[in-house]
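Residue numbering begins at 1 within each chain, and the chains themselves are lettered A, B, C, D, E and F in the order written.
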Amino acid sequence: MTIKERIEESETRQFKAVFPNTTNHYDTLFGGTALSLMDEVAFITATRFSRQRMVTVSSNKIDFTKPIPAGTIVELIGRVSHIGTTSLKVEVNIYIEQMYNYQKEHAIFGEFTFVAIDKNKDPVKITQ
Amino acid sequence: MTIKERIEESETRQFKAVFPNTTNHYDTLFGGTALSLMDEVAFITATRFSRQRMVTVSSNKIDFTKPIPAGTIVELIGRVSHIGTTSLKVEVNIYIEQMYNYQKEHAIFGEFTFVAIDKNKDPVKITQ
Amino acid sequence: MTIKERIEESETRQFKAVFPNTTNHYDTLFGGTALSLMDEVAFITATRFSRQRMVTVSSNKIDFTKPIPAGTIVELIGRVSHIGTTSLKVEVNIYIEQMYNYQKEHAIFGEFTFVAIDKNKDPVKITQ
Amino acid sequence: MTIKERIEESETRQFKAVFPNTTNHYDTLFGGTALSLMDEVAFITATRFSRQRMVTVSSNKIDFTKPIPAGTIVELIGRVSHIGTTSLKVEVNIYIEQMYNYQKEHAIFGEFTFVAIDKNKDPVKITQ
Amino acid sequence: MTIKERIEESETRQFKAVFPNTTNHYDTLFGGTALSLMDEVAFITATRFSRQRMVTVSSNKIDFTKPIPAGTIVELIGRVSHIGTTSLKVEVNIYIEQMYNYQKEHAIFGEFTFVAIDKNKDPVKITQ
Amino acid sequence: MTIKERIEESETRQFKAVFPNTTNHYDTLFGGTALSLMDEVAFITATRFSRQRMVTVSSNKIDFTKPIPAGTIVELIGRVSHIGTTSLKVEVNIYIEQMYNYQKEHAIFGEFTFVAIDKNKDPVKITQ
């Protein structure tokens, strides 16, 4: 596969319903839960692109543009955005989807950096 | 949108990493966790198709074809499979994806039935 | 013990309070949580009957007869319903119990099939 | 019902499988998880006895006699042990049940005190 | 370090926000969640004091003086209160802190006893 | 209180034991769990400084310097690092503490930005 095809193939989606076990006392998705879901999606995207052992080394600026109310649906989409020699970056966007109409809005954007490691946890090259 | 387009549009995917908080003492995904994820994906699919208040009324036979080992990725795909007057059915398939190669296998199949209800919890017609 | 005594002995009960961490946005027990509890009770029942390594192979039709409101108590009861050569079936019923009066109603019924496996995960006979 | 019958009727059982999401780094049931399950069972027992709004006011000495290994089953049994004017006590015992033989041992004992409250959270008499 | 310094050094604090995934149907912190947090803080305190493998053997009387409302902050503080030959005791206090003013009140007090064990799970002396 | 005193007073600590329900398949703390804990500590710090309704608007670059092994203790420390007109920044550091010796290392650094809102969710000034 070309790099472009591998990026398409490794795009990773996750729909979640915003139920009470994910919310804060404002009845919106707790920011920490959002970050946890984003890191999981980013990790899966990075792993499905490289098929190597990947670990998070950093997240860049993450913007929480809109609060996400209880009783909505969120869609997370992870996509490889940059491929370096030993690291790669994954963009994750979260969208709010209303349950009872077709309104869909962007809510959160973040970018995560991963490095590939071998069994001794030493960094190795990203397979290109 | 035609019914066919609505079915395409409401297809719902969820990738998850099989971490220790989801496994049983055999180090495979706990069956109850799999059922919980399937019901969530089925509920989101039904809601995104109908844009109505949907409640689960039954699940048909669910086949656990393969155990899902810890340290793999699962993909759940929900898709509307039948539309009745006041109920609809959603098929959910779970696939196991290896992390470090391209192997992907079917693991679990299930079908869930939902009815649409109004604010008084009385059944209403599915919008067609 | 006779088979009949083993069925009595392995009957498995689980009471749970329906707190916010188990509910959906309708303030009723999330269907996925109910399925997860049912599979756990069915697994324990099957294991306590056979004292062998058991894995879920399927669930038959599960009927969600009544929604289960937040602030109630549920009782799950698992009971072996059929014993085959290499598989057995467990029925699970969920009852809703009101907290502040003696009303108790049936809410969900399901049946789960298990097979016995050895250490190599090959099917073995159910001990009779 | 007599008090004795109400005590029998309100006895509350909960079986749980000791899976990785409940254990500590010694691969035994985390003490905090055990306490949380005990308080839930005690609360349900107190509520099912009195059919009144009950709140925990204290737990007496709780003895952790035996560690509970991962891959076992636990049974919790709650039973009203003392009835006062505005409070009652519930004993909770936890037993470890091996999965693959009939060995069953006592592991933890505790006693919890509850008071009945009205809607304004003022203490009221236990219905006798 | 002196014993007194080791007690100071091992004092262990944990702040938590009381979100819906920790509450009961009265919209207050579920008692079982409070006990679970207390045992975790007590375990960390005991381990940080002794730097040995510690296991909970009992909790003394725990007093739930005040219910803890949703939408508040709790602070848990663990502190070694007694050092025996093979066991030590840890006091844990929980305080409720209002979010939008400086009011802080004591809510729960408990004391936990730990013993030190070696790799074979046999009791050993507390390092003094 | 002066600003400096308010910063001291609102410093917020959280100790956690790294148990299996928080780890990934490498047996290290899952990055998403770390981010969730960091956001909770940052939110509590911001709220305790301002005593106003605070919402996360962004996180700056977060560096995961060291993986955090299962069976260790982590300490999170949140501290207000910048106070603007309608927003403030909170730094969160995570340290790994070994259980059985006194080694303590820095593992993760992040900075979170919060804004104060009123009951209509409109931004308001930070109380100075």
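We take it that a residue touches a chain if its C-beta (ideal position, glycine included) is under 8 Å from a C-beta of that chain, and two chains touch if they have at least 3 such contacts.
Just so we're clear, the structure is a prediction, and the values are computed from it rather than from any experiment.
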Where chain B and chain C overlap in contact partners, by chain label: A, D
Remotest chain, chain A as reference, centres from CA atoms: D
Chain located farthest away, centre of chain F as origin (C-alpha): C
Of A-B and C-E, whichever chain pair has more C-beta contact pairs: A-B
For chain B paired with chain E, centre-to-centre distance based on mean C-alpha positions, whole Å: 41
Centre-to-centre distance between chain D and chain C (centres being mean Cα positions), rounded to whole Å: 21
Distance between the centres, which are taken as Cα means, of chain F and chain D, whole angstrom: 35
Junction residues of chain D, two or more chains touched: 17, 20-21, 24, 30, 40, 43, 53
Overall pattern in which the protein chains touch one another (line/ring/star/complete/other): other
All chain pairs that touch each other: A-B, A-C, A-E, A-F, B-C, B-D, B-F, C-D, C-E, D-E, D-F, E-F
Contact footprint of chain F on chain B as seen in their complex: 17-21, 70-71
Sites on chain C touched by chain B in the complex: 24, 26, 30-33, 35-40, 43, 53, 55-64, 67, 110, 121
Residues of chain C defined as touching chain A within the complex: 20-25, 30
Complex contact set, residues of chain F against chain E: 12-17, 40-41, 43-44, 47-48, 51-53, 73, 97, 99-102
